[in-house]
Every structure is written in structure tokens, then in C-alpha cells.
Amino acid sequence: MTHAATVHSLWTTAAAAPDKIPSPHVEYGQLSPTLIVLGAAIVGVLVEAFIPRRQRYVAQLFVSVVALAAAFAAVIGLAAGGYGTSKARVAAMGAIAVDGPALFLQGTILLVALVAVFTFAERRLDPVVHGNRVDSFAAQAAAVPGGDAEKAAVKAGFTTTEVFPLVLFAVGGMLVFPSANDLLTLFVALEVFSLPLYILCALARRQRTLSQEAAVKYFLLGAFSSAFLLFGIALLYGYAGTVSYSGIADVVDGQVRNVTPALAGTMGNDALLLIGGAMVLMGLLFKIGAVPFHMWTPDVYQGAPTPVTGFMAAATKVAAFGALLRLLYVVLPGLRWDWRPVMWGVAIVTMLGGAIVAVTQTDVKRLLAYSSIAHAGFILAGVIATTPDGISSVLFYLAAYSFVTLGAFAVVTLVRDAGGEATHLSKWAGLGRRSPLVAAVFAVFLLAFAGIPLTSGFAGKFAVFKAAADGGAGPLVVIGVISSAIAAFFYIRVIVLMFFSEPRTDGPSVAVPSPLTSSAIAIGVAVTLVLGVAPQYFLDLASQAGVFVR
Amino acid sequence: MENLIGLLVAVPLLGAALLLCGGRRLDGKGHYIGTVLAAASFAIGAVLFADMLGRGEHDRALHSKVFSWIPVGGFRADVAFQLDQLSMTFVLLITGVGTLIHIYSIGYMEHDERRRRFFGYLNLFLAAMLLLVLADNYLLLYVGWEGVGLASYLLIGFWQHKPSAATAAKKAFIVNRVGDVGLSIAIMLMFTTFGTFAFAPVLSNAGDAGEGKVTAIGLMLLLAACGKSAQVPLQSWLGDAMEGPTPVSALIHAATMVTAGVYLITRSGAIFNAAPDAQAAVVAVGAVTLLFGAIVGCAKDDIKKALAGSTMSQIGYMILAAGLGPIGYVFAIMHLVTHGFFKAGLFLGAGSVMHAMNDEVDMRKYGGLRKYMPVTFVTFGLGYLAIIGFPGLSGFWSKDKIIEAAFAKGGTEGWILGGAALLGAAITAYYMTRVMLLTFFGEKRWVPDEEGHEPHPHESPSSMTIPMIVLAVGSVFAGGLFSLNDAFLKWLEPVTGHSHGDSPLSAAAVTGGTMVVLLIGVALAWAQYGRRPVPRTAPRGSLLTRAARRDLLQDDFNHVALVKPGQYLTRGLVYVDHKLVDGVVNGTAASVGGLSGRLRKLQNGYARTYAVSMFGGTAVLIAATLLMRAV
Amino acid sequence: MNPVNYLYLAALLFTIGAAGVVIRRNAIVLFMCVELMLNACNLAFVTFSRLHGNLDGQIIAFFTMVVAAAEVVVGLAIIVTIFRSRHSASVDDASLMKL
Amino acid sequence: MSFPLLTATALVPALGAVATAAVPAAQRAAAKWVALGFSLVTLALAAVVLVRFDPGGAHFQLTESHPWIKDFGVRYELGVDGIAVALIALTAVLIPFIILAGWHDADPLEGARPNRRWRPTQGFFALILMVEAMVVISFEATDVFLFYIFFEAMLIPMYFLIGGFGDRAGGRSEEETATQRSYAAVKFLLYNLAGGLIMLAAVVGLYAVTADQLGTGTFSLQEIVQARTGGHLDMATSTERLLFLGFFFAFAVKAPLWPLHTWLPNAMGESTAPVAVLITAVVDKVGTFAMLRFCLQLFPEASKWATPAILILALISIIYGALLAIGQRDIKRLIAYASISHFGFIILGIFAMTTQGQGGATLYMVNHGVSTAALMLVAGFLITRRGSRLIADYGGVQKVAPVLAGTFLIGGLATLSLPGLAPFISEFLVLVGTFSRYPVFGVIATVGIVLAALYVLILYQRTMTGPVKDEVRSMPDLRVRELVVVAPLIALLIFLGVYPKPLADIVNPAVDHTMSVVDKKDPKPDHPVTDAGWFSYSPKSEGASHGGAQHEGAHHNGAHHDGASGGAK
């Protein structure tokens, strides 16, 4: 292939040795978490097809929980088997990496998904309709909002139990996303977890127009961004002649000279690399919600059913940051000096932008959306460190953050008035006096977001900033600190509202949840406090997991 | 014996604690407890005095370290007492006059429901004043110094329901605080210069420290003395302090506390000896004040304020004497003691008059009282004679020596100081005669008050007259006794040192001159107030009179120069704090909010706008990446 | 013909698609523009595949098509639902959530 | 392993907080007693700490050290020096009084709807104990990170105390009061959080520096100080300065130092008097304490570099705070500004870098705590009686409530540093300490003495003296509970004013240690006097001398050592 002077003929290449194509060798054991989840998703589809409507809910819930738990057990098994450290390897013909970060993130995603499924399955919050307990999802998504078909569906007690397989598919994609070891797998995984999410966004039971609008926006912008990602992949492929991470990295490092003169002559190889890299980066930054690719976040977070928002906010971020880390640390480390300044800029505007715009928000869900943008900025600061510490700090932060987010959104589902969830902040006034416990729990999450010591938010923030400072990004730390201060303002505003304002007479009530949501919130609080007070074990875990295989 | 020194302070302190914390239970007998304890401390003082007399001239000082007070690094302050002849003099004066005034107050405050507390404050004062004169270092002296200030504050404002009393008390404290700043700076200077601020080491090394430092210390001590002793420019509080009950004026604002400045300067003699510039400042302050106070005294119709002006003036004499150095220290103290007798007597007399006249203080509404209150008249009259320096009485002996010493300063300075002192003597004679004439001679001028109660002047009860008599005896004989065989000089010389000045005038000439000016003063007053009836309302008077009535515009000056600008400054700062300092903070918050509001508008809900942002973002990302490579 | 020209074409198509997404309002057209962008990517993959002389790019193109098809399924479903409830396919009408 | 005394001292109030919060809604009174009980146990433990502490022993005593977060180089490391012991004692002493003084502050309003879930009384006392726990552990922490955590975390309970339990005596509408209160609470929190976050950046930086130079990052104060003196750790000048500024900023906000002070008047004005005491007497002390312990010891060179600027700010604080106190119309805001002035003194003393200055500053922290507590708590009693914070609403209280007025006056006199009361000693030491190194600053600071007299006496005059106003005519005098709060504080003020030696003895070695870490020595006196014991000074009389001016210096040999034999036993 190094006959630089000639242009290869595809036909001859293909025709030369068709029998040489090897049968792919797949290490099923090492891929078992993903396979279990995807398999369960298919089972879920079958359940939808064959099991009577009345029993689907229980069946789906059972399948999902068992699958996620089994997959998590598989991850633990792999980690215990040393696949995270000494036996880290590239599996499935180089498509999937099984290494520390991948297992850590997969474990996190699976746990998050498990807890999220609890909130998906909650059926005690909405008032009973025609004798049926209902969840947060539309009775029949295809029916026109407010139309006869919808009324009929509601009356019949339909529920969209498809959400469970959809979540499982999304989780499957998310599991692959951070462990993808070539760009094609990356793209496919992205689509696999994005498409179910688009649909999930459209499935809200209340305020369906908003939900559908969120889905459209998310879908169109998501597709738009994945087109960029794909074009970036194309350019990188053009540059390196391969889409495998290590292959590209070798070319970037100059270990392999794989230059096509036709390209070199016309565009210059580095242009392909840089533009392609930037576009792939953009695709990932979109999923992360970094400024200026963040604008979908508030709208989608607001419109989507709250359990979905929680799941999305937590799990997508984990997956996307995992992929970003791998891309930057495995594929483009040789390009550090090019992407670091750019990422500095992105991190700064993300931290500041998210924090500043959040100050004037009036809707809890939008507020949390902007908060998630600001947090993306903080995590980016850790990503930029480009040290092993940087990786482990980001892993830790992601784990800490995802549970706080999940818990916070779970609390949001509880605060309700006649029109469903009461997300406007003014309605939260005096919540602390009506339901001190719920308000206190929410305050804990807010304080964790704000990074107050003894919460996981502080430990995470400290880890990330420490890594950044060690990695020579001191100014970034200072800006991070400033935007933390700004961010603190709006978290505190909510606390003020809950505790120090008089309750409104027409204010919302707090629904008493089933053990499902209760346990989700309890897990959130527990993780928040444990990671805040005694984070050492998890930091150890994260730092053991902090080495990428290549 | 040493242990008794501590007791001297502790006894009245115990009294104060008892009376102030004792509650209503002690209301009935509080005044007796207070008086007995004051007398007890006088008795202890007397025992110590007898003991001291029994020892040789240079072995008289006693020292008693009670405990280590503040030990921090090289800074070591002890609670330790030193009783030498100078302190002894003060101890006797304070406890003696103090006891008398306690007795007087039993009668004077009889109808006050808060009498117990009054005695508590008086005891507190005694304790603080004794601490002041017994301390063996400047810091402990400072405690007493502020302690007497506190007692003075409490007593001036004793009738707190009167706003004027409360204001006067506050003013006294604050003006004194200005002086205290001087004392504290002086102590700090001593510490940085000598590493200590105990009397003995500081004073014995004062000569070695370099004139600059010592001058600075001296000037700061002078500032302190000015505050406490109501000397120009910190004199303004004394007149107002007359708002307090009269026994307080007698004890604190005439006999003892206000003389603390003189004590301080005399005690620090070695420092001033080594700092001629500071000494010059001291004599200047003394000379100015003695005239200032005298002039103010001439114009006041309020009997207590007239006496207050006189006090200021007399202390001016003492300060002048103390500023003269070793020539004058002894005479300063001697005048201090005699002044303690006659001025306390005068105030008690004035109190007695007021007691009789329904608390009327305007002398123009007195007149002819000698018939109604013979004892008061006689004792007051003896005090009067003593203060103007009538030959043979106490004031004569002490004041004459000061005038002599002033001339002995030598040179032009000596003439100026001597002249000022002489002039002061003349004015003293004038205003004291005026007081005497207005109060006790002439026609009765009192009228019924608004409610129709006509005063019925009567002699005061014996609890009040006896102290007056005792003090009158002191006013008559103390000076002569002290001067007998130069007894006082010999008594104090080991502590203060003494030198005879080289006077350009003979002692006889000075005495003669003094007599002449004295007669002139008396004659003038007689011409003005004795010969013709006194109008009941004051005539407008000359510019000087009007100024003098307003304390020579001192309050007006303070008002314009300090109070008003201070108020503007404070108000301005309140505004600045709110608008500027806090404004920056709130402004930052507001601008973040504003920025947020504006950035928020970008989120307009149109998916296409979001796409533009992503598209633009990607373009920037690509451009930046390429640019980084290019750079 | 120099295969590099195909790359230029791909870039052009991609840009047209992106511009269409930014400019047009109809959700269906928007979606078609996205498809156009994906196809531009395919063209680029195939061209690079030709230039490098390996098959990876061509295979990726097949994957892309499958993904695009899946996207069409999901996307059209969503767009149709919103059209049914609003009777409009304009993305600008779907702007209830903002600020 | 010995009994973890320091942990216990911090843990007991924390457990108390939990226990208090757990008391059922109906048992309000029980909650108060539980809280009081736990605070007294804490006091007992603090007393044990005080007794077990040996002033002559090692610098840090009663140490505990356990690994905590290895990855961050963080250890759970406790230890106390004399300064910390003094401040722990102060905290432990004040809290029971604060609880007693606030006995009825969190009772539900008359006619409030009964609410089974809302338990303000329990919350109030639990939060106070929580603050105590966090303050105590911040005084004990010898690990920078551990300190930082509690330094920040204590904001949260404080925030709820300010925002949730405001003064009901604003003389304004309920809504206006609520607005003001939450403004004050938010301002408090944001100010301090901003300071804390800047410090976080510096903490991170410190880790980076130690990790870089020592191989493993550490936050242990002792380790860093040792490494520094041993020459293993050598921060670049600019790094050290930046880190110092980061730390100092946080402490200056907390202390508070001009111009970062504006949160304090709001917070103290809007909160109840006991909480105001908690803020200024206890929590703010952590700021000044941390300057002494962390700023100076971690960054000695930078501290010296910043000294002039800080001294100027401290001076501004002193005078500015006092002037603003004079201009206040609200009693509690007045005390707040007075505190700002006092914190100026403390900071002045710390950065004067003399034994007297730092020793004085430490004593000042303790004394200011007690004196402000006395003044503020009595002011609180007064305000509760009349229902107004405005000075102008009072007059003649002395007549109707003499004991209240008397205690108020003593509190005020302590605030103006009257000799004989504790604050005098510390203020004077600070002044002497400052003066001996920076004479001009020392002299300017003395202006604060005069201004203090002004604001205290103006306050006293306007509220307590003059004709009795109708509104105060029926005002009751101090009740037994209130007297129990105030009397011991006053006794303490007098005791520490007369006999501060025990306290000074505890503090001195710690100050010496700080001075040696900063590598500063006290300035030597110009003409040191050798200590010859007591002797009586008597000048030589010179009969022939001619006037004072001509024999200058003639007396310098006047010391009569022979006089000593007669005097000194």
C-alpha cells in the first residue's frame, strides 16, 4: 500500500483476494454488558409484540431491571477480572476498547440507567385516570394531543411501555460510545443512543406540544451535528486512511507515513486532520452541551418528560465525555498543542455562559439545564489537563455529577399542581415549609451542584480543578472558580425561594411517590454525601481506571 | 506595710462593687457603707503615712507587686504599687477630701432615690484615683486614668434624665479620650524607647534616650494632662461637667481628678527635665489656661461654672509650675493640695447655697445670703480669701511661690510667665470677689419660680456643714503649715527634686506685686458689683464678656472645626458605604443579571437559530484550530 | 479526472446542506438537507477510499446509509406527529420554549 | 490510641444538632434543653482541652492524624496550639449563652398555623450547634484542606440562621422584613462563597506546588512549614504571592476587612441578636484565626510583602468602621460597624508582625467575642422589648430598666476598650505591637479609640438617658434568664481584664512560633533598660542649678539603686 506513485484500483484490490477476508473474531465475554442490554432491548420489543397490554408494564420493568443489573454485574466481573487494568485490550476486531475508563463509565451509565428506570416506572405521581395508574408518558404517542384518539387511549388505560426497550437501546449505544475504538463505531453508537432519545423526548403525558417540540428540535439539531461528526470522520479517514483510533494516532504521531500524494498536493494533509478533528470534536461537544453547541439543551430538557430529562442529562453526558476523553487522549494526543487552546476557549465560554444565563432563569428544568452546561465547562477543565489525573478526575466528576442530576430531576417530578409538574420557580416558593424533607433533599442536590464541601459536587470540582492546575491550566481554575461563584447565586436563589418565602396558597403540592422514585432520590442523596465525605475509595477506583488502552 | 497599699485601692473598690451590685436591699444603708469604706481607706492612708514618716528621707518609698498583669513577649506589665511621698500626698488628699465629701453627700443627696448608686460611683472614683496615684508604671496609671474618667462620666451624667447632663457626661468622656490617646502614645513611645514603661527605669534613663524621643513622650504626656486637667485646648468639658451633683464637682472636678494632669507631669519630671521643648509647651499651656479660665470665670453668672473657670485657671497655675521643672514641681503639688482644700470648700459652699435656693444656680438670683446661711457664708468666705491669696491663708503660700518661680524661669520667658501669673492673680481676685458679692452681699434678688414656690434659704444640715468647716480650716492653715520650715519642700524633694531659680525679683517684691494686683482686682469687682444693685438679668456686656460667657467661643470653635465636619464626614461615609462600596457589590450582581438577561435573548426558541450557532461555532472551532497551527 | 475534485463536490454538497438547514423553515426540507449532508459525507468516504486504495470508506458509506435510513424513520415519525398536532411543518412555529 | 479529644469536641455539638433536629415538633421546649445540654457538654470538653493543653509543650498538641482522601493529599489532621485552644474555649463558652439568649427567638409566632412538619425551633438550635461543630473543627484542623472544607461548609447553617430566623423587630411590614432578610442572607452567603471559591483556587494551587516540589501533594500545615524551613519547598515569588492573596481574600471577607465588609451590617442587622453574636463573635473569628495560622505560616514571604497594603486596609477599617458606626440609626448595624472597626484592630495586630501585635490580636479575638456578645445580647433583649431596632425609638430606658441599662453600659464600655475590662488589654497590645514597628500606623490607629468612645456613648445616651419615652415606660427590667446570660459574660470581661495572664501564657508560645516561622523578631528598644528589679527613682536635687533648660541631661544618673533595699522586699 505504500506505492505512493500509483493510484490504486479498487477493483483489483477487491478482486485480488476475496478469500482473504477473515471471519471476525468477537470476544463476546468482554462485550457482554453491551450485549446483555441490547439483547434485553430486543426482548422488550418482543414483549411489546406478544404480551397483553395489561401485563407489559410489569414484564418490561422486570426485563429492564434484570438486564441492567446483569450488565452491571458483568462490568464488575470484567473489572474484577482485571480488564480495567492489566488485561485491558481492544476487542471485536479493534472496534471496541475494553479498558479502565470504558468499564468505569459503563458501570456508571448502567447504574444511572437502573436508577432512571425506577423513575420511568413511577406510577403514583399522576392522579389516577379512569381507574388506571399512569406514568409520565403519553397514553398513545401517535395520537394528536387533545384529540379523540388520545382520549380513547387514556380511557382504555394505555401506557407507552415502549419506553423501556427504548431506554435499553439508548443505554446500549451509550455503553459502546465511550468504548468505541474506531470512528465508525463511534458514529454508529452515537446514532444508536440518540435515536431512542429523540423518541423518548416526544412521549410526555402532559404538555405534549412542548414535548413534541423538544423532540423535533433535538432531532433536527442532533442530526445536523451528527452530519458534522460524520464529515469530520470522513476527513480524518481521508487524512489517515483508516478510522481506527490507534491507526490515526500513529499517523498523527508520524510513526506511519501514510500520505497520498494527490491529497498532499492539493489540500495539505494537516488541513484534513485539523478540520476533521475539529468537526468530530464539535459532534461530541454538541452531546456534551458545550457553548456554543448548547442551545438545544434548555429547550429539550424543559420539554422532555422529566424522567427522560434526568436520564439524558446524566447518562448522555457520561457517555459523551467518555468518548471525548478517548478521542483526545487516544486519537489526538499528538495534536495536543493544537486542540488545547481551542478547548480552553470552549471551556471558558461554557463555564461562564452556562452560569451567567442561568442567573435569570425562571423554570426549574431550564435552570438545571443551564447548570448542566456550566458543569460541562468544569469537566472540560479536567479534560484539558491531559494527565492521568485529568482522566480520573473527569471520571470521578461524571459519576458524582450524574447521580446529583438524576436525583434533582427526580425531585422535580414530585412537585405538582393541577397541570402536572409545577416547574415554574415561583411555584416553588415556600416549599420548605410545606414539605421540609423534599425541600431539604433538593437543597442538598443544589448545594452539591454549587460545590459546597462535604458534597460530591465539591469533591468532583476539587478533583477537576486540581488536575487542571497540575496540568498547567491555572487560569482556567480561576475562571472556573468565578463561574462557580456566579452559579452559586442561582442555586441559592432557589434555596431562598424554598425556605424563606411564604408559601403561595395556590402553590403546588408534593406528591407522595412510590418506593421507586423514593429509592432513586435516596440513592442520589446517598451517593452525593458518600462521595462528598469519603471519596477516597471512588477516587482510587477512578484513578485505577484512568488509563486508556491503545 | 506593702500589703496595705493594695488594700487602699481594694477597700473603696469593694464598696463600689457592693453598692452597684447589691440591689435595692442596700438602698437604706448604702450611703453609710460608702462613707465608712472611704473613711477606712483614709485610715489606711493615715497608717501608711505614719509609717512613712517613721523612715528616713530616702527609704520612704514602698513597693508592692501584686501579680503579673500582661506578659506578652518583651511587654511586661505588672499590677504593682509604689507609694512614695508624692503618692502619699495624693492618697491623703484623695481619701481625706473624699471622705469629707462622702459625708457631705449623705445630706446633699438625701432626697435622691438613687443615692446608693451615687455612693457606689463615688467609691469607684476613689478606687480609680488611688490606683492612678499608686501605680508603679504608666500602664497601670492609665487604668486609673480612664477609671476616674469613667467615674466622672457616670457622676456628671448622674441625673441622666436631664439631656444636658447626659450630653455633658459624654462630652467629658470623649474630650478626655482625646487626652488618653496622648497617654497611650506616650506609653508606646516609652516601650519602643526603653522596652519598659515602669516609672523607675524610664525616669532614671530618660536623659539618655535622645532629646527627640523624650520630647515626643513629654508632649504626649502633656496632651494627656490637658485632657484630664481641662487645659487649653482640651478644656471645653469642665464647664459642662458642672451638670453633675455639686459634691461631684467638688471632689472630682475641683480637688482631685482634674489635678491628675499635674500629678502626671510632676511624676514624669525626669522626662520633662530632659526635654526643654516639651517643658516650654507645658508652661505655655499653663499660662494660657490660667488666663483663659480666669476670664471665663469673670463672665459666668452660674455659680458653679464660675468656680469651674476658676478651677481651670488654678490648675493652669499648677501646670505652669510643673512646667518650670525642678523649680516648680513642689509648688505645683503644694498648690494642688491647698487648692484641693479651698476649692472643694468653695464648691461645697456653692452646693449648700443651691441646696437652699431650690437648685438655682444663677448668682444674679441670689444676693444677701449671708444672713440666711451664716456657716456657709463663713466657710465660703474663708475659701474665698484663700483662693485670692489673702496673706497668711493657704492660697497665699502656694500661689505666691508659683509666681515667684515663674519669674525665676529667667529671661524674657520669665517675665512673660511671671506677668501672666500676676495678671491671673488679679483676675482671680476680681471674679472671686464678684462671686462673693453676688451671692452673699447686696439685696436679695430671688423670686418665686414658675410654680410659685419662693425659695426659703436656710442653713444646711450638719452632715453638710461639718465637711465645709473642716475644709475651711484646711484652707486657712494648710498653706502655712506646709511652708513652716519648708516642710512640704523637704517632704517632696526626694521624689521630685528641687532647685532654686535665679529670680530677677526678690521674693518680697513678688509678694508685694501680688498684693497690689490683688487689691486692684478686688477693688474693680467692688466697684462693679458692690456699690450698686445688680440687675437680675445680665446686661449685654462687651464683646469680650459675651465671648467669655460662651467660654471664649471654645464650643463654637469645636462645633465649627470638629463637630460639623465630623457630622458631614460621617454622613458622607454612610452614603459612600451604601452607594459606592456596597454599590460596587450590588452593581456586580446587577450587571451579571443584566448580562444574563441579554444573553438569554439569544435563546429565541427557533431551531434554525440554534443551528446557526452550531454552524458558526464549528466554523470558529475550525478556524481557531487552523490558526493555532499557523501561529 | 482527479478524484480530489469529488472531495470538492462533497464539501460543496455538505455546505449546501448545512446552509439549507440554517435557511429553510419546513421541517421536511430541513431534514432533507441533513440527508444531503450525510450523502456528502458518503461521497467523501468513497472518494477517500479510492484515494487510499482501501475498502474502509466504501463500507462506511453503507453504514451511513443504514443509519440515515434509521434516522428517516425516527425523524419522519416525529415530524409527522408534530404536523398532526399543529398542522404546520414549519420549525419556526415550534418555538414555545425559549429564553 | 488515646481518646480523640479534639474530634469529640467537634463531634458532640454535631451530634447535638442531629439530636435537637430529631425532637418532635410538639416538643419545642425539650429541643431547647437538648441543645443547651449538648452545648454544655461541649463546654466541658473544651475545658478538658484547656486543661490538657500544656503551654510549654509541643507546638501542636492533642494531635490526631488519619488518612482521609489520599488522592488529594488530604489527611484528617487535628491539633491545637495556644491560639486555637483560646478560640475553642471562646466558642464553647459563648454557645450556651447564645442558646439561652435565643431561647424564645424561634418560637412560632402567635396565631401561626400549626404545621406538623415545620419545626423552626428545633431547626434553629440544631443549626447553632452545627455551626459550633464546624467552627470548632476549623480551629482544630491543621490540614489546609480539612480547614477549607469546614470553613466553607459552615456558611450553610449560618445562611439558614440568618435567612430563616430573622429579627422580628424591623418596624417594617412582614413582606419588607422577609425581603431584607433574604437579601442579607444571600449577600452573606455569596460574599463568603466568592471568597471561599477564590481560596479554593489557591488551595488547588497549593496542591499543585507541593505536588510539584515534594513529589506528593500535601495539605498538612506542619509538613509544609517543615519543608519550607528545611529548604525542600521553595515557592516562586509570584506563585507564593498569588496563593497568599487567594487565601487572604477569603479570610478578609470573613473577617471582614474594608472594603469587603458590607455583608456584615446587613447580616447582623437582619438576624436575631444571638445569631448576630454567632456571626461576629464566633464565625468571623475563623477568618482572623486563619490569617494567623495559614496566611502567615504557609506564605511568610508573601505575608511580609503584602503587609503594608494590609495594614493600610486595616487602618481604614478601624476608622471607617467607627465613623460609620457613629452615623448609624439602627442599634444592631451600629454594633456591626463597631465590629468592623475591631476586626481592623485584629488584622492590624496580626500583620504588625510583633509578639505584642499578634498576641494582642489573639487576645482581641477572644475579648471581642465576649464583649460583643455582652453588648449585642443586651441590645437584643432591649430590641425584643420595644420591637424596634431604631435608636430614635428609645430614650430614658435607664430609668425604667436600670439593670438592663447598666449591663448595656458595661458592654459598651468593653467595646470602647475601657481599661479594667478585657478588650483594653488586647487593644493596647495591638497598638503597642503596631507602634513598635510602624509608629505612624500605630498613632493613626489610636484615633479609633476616640471614635469608639463616640459611637458607644452616643448610643448609650440616645437610648438609655434623657426623658423616658412613652413607648418604653412599661419596659420590664432584665429577667432571670437574661441575667444568667449577661452576668457571666460581664464577669468574664472583668476577669480577663484584670488577670489575663493565664490566657496570655497559653497564647504566647504559639505567637512565638508564628513569629519564628515568619522569621521576624520584635524590634529592639532604642535604649533598652536592663531589668534591675524595682527601685525607687529619685532625682538629684541641685540647689545651684539655673532653670530647667540649662541643665538638660544633668539627671541621667539619678537612679538610686540603694533605694531599692528599703522598698523592695
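Letters A, B, C and D mark the chains as written, and numbering starts fresh at 1 in each.
Simple rule for what comes next: contacts are C-beta pairs under 8 Å (C-beta built on N, C-alpha and C of every residue); 3 or more make two chains touch, one makes a residue touch a chain.
If you want to know which protein each chain is, UniProt gives these names: A = NADH-quinone oxidoreductase subunit N; B = NADH-quinone oxidoreductase subunit L; C = NADH-quinone oxidoreductase subunit K; D = NADH-quinone oxidoreductase subunit M.
As the structure is a prediction and not an experimental result, all values here were calculated from the model.
Participant: Under the document's definition of touching, what chains do subunit A and subunit C have as common neighbours?
Facilitator: Touching subunit A and subunit C alike, sorted by label: B.
Participant: Would you mind telling me which chain pair, B-D or A-D, is linked by more contacting C-beta pairs?
Facilitator: It is B-D, judged by the count of C-beta pairs in contact.
Participant: Find the chain most remote from subunit D, comparing centres computed as mean CA coordinates.
Facilitator: Looking at centroid distances, C is the chain farthest away.
Participant: Could you state the distance in Å from the CA-based centre of subunit B to that of subunit D?
Facilitator: It comes to 34 Å between the two C-alpha centres.
Participant: Please report how many Å separate the Cα centroid of subunit A from that of subunit D, as a whole number.
Facilitator: Centre separation, subunit A to subunit D: 48 Å.
Participant: Once you find the CA centre of subunit A and the CA centre of subunit B, what distance in Å lies between them?
Facilitator: 80
Participant: Where the centres are mean C-alpha positions, what is the separation of subunit C from subunit D, in Å?
Facilitator: 67
Participant: Residues touching two or more other chains, restricted to subunit A: which are they?
Facilitator: Those would be 216-217, 220, 224, 228, 298-299, 489.
Participant: Name the residues of subunit D that each touch 2 or more other chains.
Facilitator: Within subunit D, the residues that touch at least two other chains are 190.
Participant: Return the residues of subunit C touching two or more other chains; collapse runs of consecutive numbers into ranges.
Facilitator: Residues 18, 21, 30, 91, 94-98.
Participant: Looking at the whole structure, which two-chain pairs count as touching?
Facilitator: Listed in label order, the chain pairs in contact are A-B, A-C, A-D, B-C, B-D.
Participant: Help me check something: in the complex, which residues belonging to subunit D touch subunit A?
Facilitator: By the definition above, subunit D touches subunit A via 67-72, 115, 117-119, 148-150, 152-153, 155-156, 159-160, 163-164, 178, 181-182, 185-186, 189-190, 193-194, 197-198, 200-201, 203-205, 207-208, 211-212, 217.
Participant: Where on subunit C is subunit A touching in the complex?
Facilitator: 2-4, 7, 10, 14, 17-18, 21, 27, 30-31, 34, 37-38, 40-41, 44-45, 47-58, 60, 63-64, 67, 70-71, 74-75, 77-79, 81-82, 84-86, 91, 94-98
Participant: Across the complex, what residues on subunit B touch subunit A?
Facilitator: So the residues of subunit B in touch with subunit A come to 589, 592-593, 595-597, 599-600, 602-603, 605, 607, 609-611, 613-614, 616-618, 620-622, 624-626, 628-629.
Participant: In their shared complex, at which residues does subunit A touch subunit B?
Facilitator: 216-217, 220-221, 224-225, 228, 270-271, 274-275, 277-279, 281-282, 286, 291-293, 295-296, 298-299, 337-339, 341-342, 345-346, 353, 356-361, 486, 489
Participant: Contact residues on subunit C for subunit B in the complex?
Facilitator: Of all residues in subunit C, those touching subunit B are 18, 21-25, 30, 91-92, 94-99.
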